[in-house]
Each structure stands twice: as structure tokens, then as C-alpha cells.
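This is the structure I have questions about; it appears just below.
Going by the order they are written in, the chains are A, B and C; count residues from 1 in each one.
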Amino acid sequence: MNHFLQVVAEYLPQWGPRLVEAAWVTAGLSLAGFLLALVLGALLVALQRSHLAPLRHAARGFIQFMRAVPLLALLLALYFGLPSLGLTLSGYGAGILGLGVQGSAYVAEVLRGGLDAVHRGQRESALAAGLTPRQVFMHIVLPQALRVMLPPLVNCYVSLLKDSSLCALIATNELMLTARAIASEDFLPLHIFVLVGLFYFAIAFPLSMLSRLLGMRLARGRRSMGGSPGPSRLGAFPRLRWRRLRAARLPVTERL
Amino acid sequence: MNPGSVPAILATLLAGALTALQIATGAALLAFALGLLLAVVNVFVRAPLARATHLVIGAYVEWMRNVPALAHLFILYFGLASVGWQLSPKVAAITGLGLVGAAVLCDVFSAAMRALPAGQREAALACGLTPLQALQTVVLPQVLQFTLPALGNYATQLIKDTAIASAIAAPEIMFYARSLVTSTFQTPLIYGCAILLYASVIYPVNWAFARLERRLGAGR
Amino acid sequence: MNDTLLTVNGLKKSYGGTPVLRDISFSLRKGETLSLIGPSGSGKSTCLRCINFLERPDAGEISLDGERIGRVMKRGRERDMSDRELAPQRRHIGMVFQLFYLWPHLTVRDNVALPALKAGGMSRSDARKLALQSLDRVHLLHKADDYPERLSGGEQQRVAIARTLAQKAKLILFDEPTSALDPELVGEVLTVIRELADDGLSMILVTHEIRFARDVADRVIFMDGGVIVEEGPAAKVIDRPQKERTRAFLGQVGAAEGLPA
């Protein structure tokens, strides 16, 4: 252990700047992919609620297909396959596209779950009060749905962050590729890959905890009749205990 | 047979499918056994050892789940090799994916066990069953029923994750696909076939789990 | 000048193959309080929900203040209105639900102000003033800045009532407003309803509280199996029911409430 730390300390000045730069690429890649996934996911949800059956089925089919395909296959197909069909993307571009397109399937399910979580009665009482369906959606359903969607969406982002490591295999200069390059230069694969693991951990773990914290605050708010998510207020943090946070991980109904 | 034709492509990819199956099965077994063990220990450990246990198991789970699977595979394959312990690509893949899966399933099983009313286990113990018997006859059957949807999700994810093993030269589907591309240049066709191959495995797996869930009234 | 506010004519509704409303007709005058009583499954709630078209009737006509509710003529054919088209009409009808359905992400005041603000097109400050007035009328002005989850069931229901007052509804529909409340909270809600009736609001009240219906309602309709069995002045129907079914129902309920047999 000590030896390990010594070696890392020795090489950190060389590795550090490169890894930090690569970390920015990873962050950019995952954020852009996530944004794309959000936009496409919202579109898919809208299509699933359309009056036209073909659109509904198309959206449903797309979601099921995207959940049945490995991300790596998608990335390789986009990066290596598209040029033959006339479209050449950079590793970064193909990465964002692949992450966004596959991520949209999971985001769509999260968004749908959030909307479904809002009790029917909320919508009914708003319609009965004379609000138009659009007003009902904007002022009553959406605000409540957003609170439910937030923890799983954060989890989605963490997944995307981890998946961005696969973009190393399509020549994107993010953390994983940089780590491999360093490994082949300095012949210290164990040290560099563990160090890179720590980089990912440093970003993903706090976000994971945040998602759980949000989820726990949400669960506390769910007391009113016609059971919908309550308002969140500052100062309503439950006592932070490691065990309770660990136990509060969201169930694996969505991606990891 | 024309090497660039669909039947030839599929034949090559199918060889990779066998490896993928081996990796998935091995990892699944490891994940299931280790995950269940960790969950049981995590939930049922008592006072003196409790805090330390939760800390250790928690650290393991959080590390495995917050670090990309690719990193875990690289650590096992390249990292261990550099300190003298060379694992074959397949073994490294099975170990890596299995360890990650154990972390995931530990959380899944822990949640299910905590959700089970304590009274059920107590009633079993009160009848004179040993803790182990209570576990086998009362706790585990219900836990498995409850976690079936999550297990189905995990199985699907695992099959897709076998593709990552191509990065450490395991001869599975994507690995063969990439080598085919360099020899025949039918890139879109090859990757298209690979994608369809995965889909053709995963759709039935999903369907099978859905049927199983319906029959066992799962997820209660 | 005709003082009929609401007419319901030939209302029919079935779910699947089962008829729930079989030809219901009645009317309501301005300022009148009408109570619908009857056993579970008699169709009272469905009837109420048809009036503001939360349920769409299979047949029948509903008119509020001379205007036909829920149906519109387009290209020579009559069809049901969409929710968007119904919004202006629903503004004139307030509904108080059994489970209150207050919006948990808004304060009490914003809950009451929202219909006036969005559906009524009032300015924000006017809507707020109106909301506070309405809250005052149900004796909950002091809770205006709280969130619904901090209020008791009875208080939440009174806020729901204030919400319909802020709508300036011509007619208020109550769908079993106290059925979901703990017994000790029922009284405060009934008091408010009584005060509104005394103030001359037009109301239709579906309730299990027979004694309250007798005291507050001008007229009572007894429904059973989707038809109106008996109707008339409240005291008459409840104290001296003419029909056997009415007597049987009231006998069961009355024994529990201590009403004259």
C-alpha cells in the first residue's frame, strides 16, 4: 500500500495535468450526452402520449431497441460505420451522439415514471377549477413530477459518466484513453488505472449521494392525501447517517 | 462463401457469441453468489461487528458501482499482470463483471431483505428453525420473488456489458466484429449484424423474465 | 325572470355494460341547497361528476344558467367538448372532492388563488386579495402561508372550499366532503358549508351525513340503483319518507344517527 502511494506520488506531477485535462473532456462529453438524452427523452415521452398510434408504437419500439443494444456496439457503429454511409464524426461527436441516443431511452422511462407518479386527483381538481389541460400540465403536474424525476435523473447522469469511459475505444481523448496512453508509456498500469478509478469515483460518488439525499427528502414529503410529492424545503435534511444513505440507493428499475 | 456476406459475418460473430455467453454466465454466478452473501451479512450482522461490516461492504459496493466497468477490467487484466498475476481475458472479464454485479446485487438483495417484515423470520425462529433454516425456507424464497424484476434488469445489462470485454481482447462478439471490419471493410453491415445479434438475445431474455414475473406474481 | 340555475335532463351513464345512471332529471334554483343521498353505488357521485363533465354522460342534457354544458355544435354535428373547451364552463362550477386534492407544491394562499389567476385571468395582486378574502370566509386566514401538508384534514377541506369561492362559482358541487375526515374534524367543515348555504350559495351536496342534510339542504333527492326514488323538501323526505326503499335506507342509517324512525 505504501509502495503504491509512493509511486503515485512520484508520478503525479506528470500524470496530474494530463488527467485533469482529460477529466474536463469526460465532463463535457457526459454533460453534452446527458443534455441530448434529456431532449430526446422528453420528445419520446411526448410521442408516447400522442393521439396517433404509429407514433406511440414507434417511440415504444425505439426505447425497447435502445435498451437491448450494448452502448459499445452503438459507439463503434457510429464512429466506424457511419463514414461508409457518408457521415464522418469525431470520437467526441460520435460519443455524444451514442451516449445521448441510448441515454434517451432511460431518460424517457424516468420522465414517464415521474409524470405517472402525480396522482390523478391532482389533475382532476385542477380541471374542475377551470384550468385548461395545458395550464394543468404546466402548473400542477410538471412541478410535482420534476421532484420525483430528480433523483433518478441524477443517477442517469452518473451512468452516462461511467459509460463515457467507453469512448476511449473510439479515440476520444477522455480519462480512460489518457490512462491507457500513460499506461503504455510508463508501464505502471495498476497505478494509473486505480488512480483514474479514483477520478471517476470523486465525481460519481458525491452525485450518487446527492441523488439519495434528494430521494430521502422526497419520501418525507409524501404525506398529503391524494399522495403526491410534497414541497421540498431547506432545513428538511434528515440526519445524515452513512448507513441510511447507503440503504437509500434507488431500486434497480432504471439503469444501474 | 463470400466473406463479406451476411451469413459469413453471422457465422464469425456467433463464435464470439459463445464466449459472450461464457462470460455472462460466469459473471452472473459470481455476482449472484457473492452479492447474496454480502447482502445477508450486511443485513443480519449484529452489534459488535456491525459498524465495521457496513463500512467495509459499503466501501466495496460504492467503489465497484461508481467506477466504470472498463476501469475494473483494465485493473484486473493489465494491472494485475504488471505485478506478476496474468489473468486470461475471459477470466479477467468474468471476475471484473462478476465483482461489479455482486455490488449491484448486494444492494438489490439488501433492499429486499429489509423490506421483508421482520415478523416472518421471527415466526420461523419461534418454531424452532435455526437461523440458517429460516433463511433458506422463509427469507430467501420471498426475497427472490421480490427481486425478480431487478434481476431481470441486471441480466440484460450484463449481457450488454460483455461487449466491454472486447477491450481486453476477450474473443467475444465485438472483438470478432472489429477484426472482421479490418479484413472485409463491410463496416456498417458488420456492426449492424452485431447489434441485431445482441438484440436477438436480449429481447427473448426480457420476455422470459416478464413471463417468469407474471407466473410468480413477482415484485410484490 | 327565471330563477332556475341548473337543469339536468335524462342523464344516462354506463360503465362497461353496467348502467350507473338510468335517466336522471332534476333542477336547481338559484340560492338553493340540494342534497343527494343514497347507498354506495347508487350513482350520486357519478351524477355529480357528470355535471361538470369530469365524467361524460352517455345521454342527457345539462344546462347551467341557460347554457348547455359540455356539448358543442361543429359542422352540423353535436359532440362532447374537449377539456380545453370545457375550461370556461368549469370556471363557473366549483367542486369539492372527498380527498381534497390540494396541490402540495403551492402554499394555501396560492392554492386558492390559482384558479382565479389562471382560469379567471385576474392580475396577481387581485387574485391574492380574493384568495385571502376566501380564506377568511372559511376561517383560515392565519394559514395562508403554510403548505397543505401542515394542515389537518378538516383544514385542508376548508381550503378546498375556499378555492371554489375564489372561483366565484355560480354553483358548488360537494362530493362527500367529510367522508375521508376523522370524526372530530367533520364539524368544522359542516359549519362552513352551513354558513355558505345561509349566505345563499347554490350548492349540490352528496353526503352520508343525513342529519346535516336535513338541517342545511332545502331539498333532498334520494337515489338508489341509478334512479331517483324520491325527492322533495329536506324535512319531508327524511322525516316522513313516502317510498319503501327510502324508508329502508334511512332506517339503516337513521338508527345509527338517532333519527326518528
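Everything below uses one rule, namely that contacts are C-beta pairs under 8 Å (C-beta built on N, C-alpha and C of every residue); 3 or more make two chains touch, one makes a residue touch a chain.
Note that the coordinates shown come from a computational prediction; the quantities given were computed from them, not determined experimentally.
Undergrad: Shortest hop count from chain B to chain C along touching chains?
TA: Shortest path length, in steps: 2.
Undergrad: Write down the pair of chains with the top C-beta contact pair count.
TA: Counting C-beta pairs in contact for each chain pair, the top pair is A-B.
Undergrad: Which chain lies the greatest distance away from chain C when centres are computed from Cα atoms alone?
TA: B
Undergrad: Find the geometric centre of each of chain B and chain C from their Cα atoms only, then give the gap between the two centres in Å, rounded to an integer.
TA: 56
Undergrad: Rounded to the nearest whole Å, what is the centre-to-centre distance of chain A and chain B, using the mean of the C-alpha atoms as each centre?
TA: Measuring from centre to centre gives 20 Å for this pair.
Undergrad: List the centre-to-centre spacing of chain A and chain C in whole Å, with centres computed as mean CA coordinates.
TA: Roughly 46 Å, centre to centre.
Undergrad: Can you list the chain A residues touching chain C in their complex?
TA: 119, 121-122, 124-135, 139-140, 143-144, 147, 221, 223-226, 228-231
Undergrad: Name, in rising order, each residue of chain C that touches chain A in their complex.
TA: Per the touch definition, chain C meets chain A at residues 52, 54, 82-84, 86-95, 97, 99-105, 114-115, 118-120, 147-149, 153, 156, 160, 163-164, 167, 180.
Undergrad: Enumerate the contact residues on chain B facing chain A in the complex.
TA: Counting only chain B, the residues touching chain A are 54-55, 58, 61-63, 65-72, 74-75, 78-83, 104, 107-108, 110-111, 114, 149-150, 153-154, 156-157, 160-164, 166-167, 173-174, 177-178, 181, 185, 187-188, 190-192, 194-195, 198-199, 202-203, 206.
Undergrad: Residues of chain A touching chain B in their complex?
TA: Spelled out, the residues of chain A in touch with chain B are 64-65, 67-74, 76-77, 80-85, 158, 162-163, 165-166, 168-169, 176, 179-180, 183, 187-190, 193-194, 196-197, 200-201, 204-205, 208, 242-243, 246-247, 249, 251-253, 255-256.
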